[in-house]
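Read the structure below first, then the notes.
The letters A, B, C and D name the chains in turn, as written, and every chain counts its residues from 1.
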Amino acid sequence: MDGDDSLWYIEPYTENLRFEYRVKKVLYQGRTKFQRVDLFDLHAFGKTLFLDGKLQSAQIDEMVYHEALVHPALLSHRSPGRVLIAGGGEGATLREVLRHPTVEKAVMVDIDGELVEVCKEYMPEWSQGAFEDGRSEIIIGDARKYVFDTDEKFDVVISDLTEPVEEGPSISLYTLEFLSRIYEILDEEGLYVAQAGSADPLYNKFVTGLYRTLREVFKHVSVYVTFIFSFQLLWAFVLASKKKSPLSIDLAELGNRMESRGLKELYFLNAEVMKGMFSLPNYLLRDLKRGEIFRDGKPFIWQA
Amino acid sequence: MDGDDSLWYIEPYTENLRFEYRVKKVLYQGRTKFQRVDLFDLHAFGKTLFLDGKLQSAQIDEMVYHEALVHPALLSHRSPGRVLIAGGGEGATLREVLRHPTVEKAVMVDIDGELVEVCKEYMPEWSQGAFEDGRSEIIIGDARKYVFDTDEKFDVVISDLTEPVEEGPSISLYTLEFLSRIYEILDEEGLYVAQAGSADPLYNKFVTGLYRTLREVFKHVSVYVTFIFSFQLLWAFVLASKKKSPLSIDLAELGNRMESRGLKELYFLNAEVMKGMFSLPNYLLRDLKRGEIFRDGKPFIWQA
Amino acid sequence: MDGDDSLWYIEPYTENLRFEYRVKKVLYQGRTKFQRVDLFDLHAFGKTLFLDGKLQSAQIDEMVYHEALVHPALLSHRSPGRVLIAGGGEGATLREVLRHPTVEKAVMVDIDGELVEVCKEYMPEWSQGAFEDGRSEIIIGDARKYVFDTDEKFDVVISDLTEPVEEGPSISLYTLEFLSRIYEILDEEGLYVAQAGSADPLYNKFVTGLYRTLREVFKHVSVYVTFIFSFQLLWAFVLASKKKSPLSIDLAELGNRMESRGLKELYFLNAEVMKGMFSLPNYLLRDLKRGEIFRDGKPFIWQA
Amino acid sequence: MDGDDSLWYIEPYTENLRFEYRVKKVLYQGRTKFQRVDLFDLHAFGKTLFLDGKLQSAQIDEMVYHEALVHPALLSHRSPGRVLIAGGGEGATLREVLRHPTVEKAVMVDIDGELVEVCKEYMPEWSQGAFEDGRSEIIIGDARKYVFDTDEKFDVVISDLTEPVEEGPSISLYTLEFLSRIYEILDEEGLYVAQAGSADPLYNKFVTGLYRTLREVFKHVSVYVTFIFSFQLLWAFVLASKKKSPLSIDLAELGNRMESRGLKELYFLNAEVMKGMFSLPNYLLRDLKRGEIFRDGKPFIWQA
């Protein structure tokens, strides 16, 4: 480190807690039609993307987030062929999806084309060529509109969206109405997975409500969690399945699927960890019983 | 929150990453013979103890840390009767130990008597009467000396010490020589558990070395991890057993023990979570193979 | 300094500029009926008082502020006998007034009795016995009411009030109506002086307006400035005189008055500096022409 | 301001006092052979240059610094024709020198050619064409070597150098030996002026020592001070004259010189302010008596 290097990015996580990151280099700062974009090389985390001032993805451990988001859903499916990603601008979710040799087609719908371009140009470590893969189809547009308009069917739908902040583009992508339509475009063995924000007792209204809402639609719904260092939080995901519970797959079968799909050398995830992520602490089990249903007329809005 | 309340505690986690906590009230600031002690009421975490400027324990989630430290070891023993705690000044480790009705005697040896007094006076929420329990014996003194001098035997030894920082009192409590002596004072079914600091890939030399060192001494050694919100890190523990592997106890038996000892209503821990904590991510499994043995002549010193 | 001493008071001067002061000791934190009060021992400035989160007075250089506020007015009067202080809770303005042996009576009217008590107890270095001086009369009450009700006459009136912030107690103490009443309670050779906030080009609406307003009332009005280290700003004062211009007193006469009143050993002020403070930079001269009159119906409200 | 704009430059003024500036845009960051260079557009101050992490010059008030540095010396000379500037990389000192129509030649010697290029490209507001003026001669090189080697004579020498920090390039440009050589290259009515750092009681060893050292060499030596907002400090300068005391010029003559040289419309300086700057507070007068002589063998090194 350079002793004189006194440029810091200060993230007010709440009004009572701030994170300060020393900045090695400013790589990009701008504003798209949808959000403010800041990309820095941080001493602590390497390349790090902030959207609207909130840390979104850091080079040091984006693998943990993306492996945790993608593989439990795809491994829970015997042979996922068609995958839809809502959001996922950095291209790393797409990258992990394409690791599964069973995948024939991966459609990614992101509303912010300018952000996708920034990611392609400045963060190629995330996509690692995924945008150029012949199986990829990139659509710049509104995921809600796409989902309601499409007549395609998918084996897995992955929701890799920002939290539903006030006036943000993702509010209508977590409601009962939208998730019911997701159910319709899934094959009969289809699964849906979403990143669901913080699992911390103080900030878990998003995950508890999304869990509650999905239970109105799907037969099997599970929450799982993992720690993501650069988020400095326990992070939650929700996995929903139309037919078979993901929890019913035993460790041996899981290991076989990882083996056969060439997923033995992931950065973070292995079969035991995948199983372990579904073991939830008592405080979260308690709060999951209290989630509220998100509806189009009364959506969830995340507040710091 | 009070809009004018602009007193902050700034913790430089590393030279490139700082945490800033808004302070509601300064409860105590002082310096004992061994360390600097700061106790604040923080808006984000409630009462929070800092030792030598590093966050040690926060009211909001000390339960996670202390449940994770104590119960896996005690639940792995069929009937823990005699327990030794090295460190543990706040009294919460003692509190969790005493929850087990099998415990007849709990000896706590902490070198910093002034700190113990501060904790008793200002942080009674941690000990909740444990210091006054008839089964407790509190010894103010050097744990190393105690361990080498004692002719008592224990079922479980718990190491609840600070990281081995330069010139700090805990450097000699993690070496092969000391741990060999621990082995001697354990009963034949005895277990040893230690908090082992960060499990983060960048800062895991403590846990990987402690794991390696213990493997020289004990038959069964396991690392487990959990996320602690106020530490903003994945935290590691090492559990060592003389006779039976803790991992060999199945979920049903674990549930039975929790039931029979009245541990069904913990804040965080349940049988599934306890099992899940032993599933380690690939990056940690990889680094655990590279740990170095800590010796009296060449101890580990933690550096920020 | 203590290397582990990481408690800081952060003063957001504006939304784009923050000052961070390392805190040695928290001496007092509370809220009176009128304002929030924070008193710290700062490593950089010694004892320092913050009102509503803004630095008000620091031990390291309160002498500069109080000497600059008091002596130009009192030295401009041949023989000040009766002095009225509006505000001045710390007691240091009173202390400087009482240095003039000509003073027979000094009335201090401060609305915040709780603050005065805090200052007496925790900041005796400011008042240095002034509250107990036989010539002092301390009135806890509204200075506006006092000024309109009194039938006493004064040689000098000193305004040592906080900036006129929204809903603060001093808004009505800077208006044309109030200052006209001040004029009435002054003797025919009387003078009025006020601390008038920042002289910085970006934040000078208070001093320029107060100057403009006083020119409606007094024959002679002058602005003077000095730098106050702990304020980190060039600070403005306005001095108004009924009869003789303060600027007409020559350096020799000023020296004589300081000599005869025993004011040769001040921390900061001497005759040359007092003269020099009235030399204003071009940017301030320019802006003084543009000040707006403050009226009861349209008072000035200071905004960060 | 943009609410999400959370990039800050943090300047640790001392270990107990920090300034935080919100950054609008990073304009340049680099390291020359001699120093680290950071140029930002700050919300509070506009374009602002930091050298080795210390604020050097800000668009909002560089005029105050440069007018205060240049004009007292040049106005104290009846007809300054040849001027030497040591340092002055931004080009603003040169700009102010060239305002005097009497100037026929201005030689600027700066050791850091890379910095001069950065200033030309990114900070043209400072030089405003001065580098291209036919009277300017820019020499990239060591000012000490230039001064000892030259056989030219000058009317005014201006020292616009950084503080003499450890291993910095300016340590040998403030010693008795160097200043004696400056005396030799000045015409018989020549003057020397230097920026002399903080005038604050805590940090005035530079100005008091430089004053003391110059008194060994020159007949007349005066210190003057002004407040510079972006430095957040009272700033000191030392002016030395071979023949006539600058203080002996009366206000009328000063006004005439400003008039005849077209200097009536400066941002900050006027004749009264120039006179007023030489009135020093008691605490500085007291400390000026205690300055130590800087010598080649025992130079002054500035420490935070």
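Just so it is clear, contacts are C-beta pairs under 8 Å (C-beta built on N, C-alpha and C of every residue); 3 or more make two chains touch, one makes a residue touch a chain.
None of these values were measured; they are calculated from a predicted model.
Novice: List every chain that touches both chain A and chain B.
Specialist: none
Novice: Same or different, please, for the chain A to chain D contact, judged on whether over half of the interface numbers appear on both copies.
Specialist: The interface of chain A with chain D is built from mostly shared positions.
Novice: So the centre of each chain is just the mean of its C-alpha atoms; given that, what is the distance between chain C and chain D in Å?
Specialist: Chain centroid spacing, chain C to chain D, equals 33 Å.
Novice: Go ahead and note the Å separation of the Cα centroids belonging to chain A and chain D.
Specialist: Chain centres of chain A and chain D, defined by C-alpha means, are spaced 55 Å apart.
Novice: In chain D, which residues are in touch with two or more of the other chains?
Specialist: 8
Novice: Identify every two-chain combination in which the chains touch.
Specialist: Final set of chain pairs in contact is A-B, A-D, B-C, C-D.
Novice: So in the complex, which bits of chain B are touching chain A?
Specialist: 1, 8, 14-22, 42-44, 60, 64, 200-202, 227, 229, 232-234, 265-270, 272-273, 275-283, 285
Novice: Of all residues in chain C, which touch chain B in the complex?
Specialist: Answer in residue numbers: 2-12, 23, 25-26, 29, 36, 38, 52-53.
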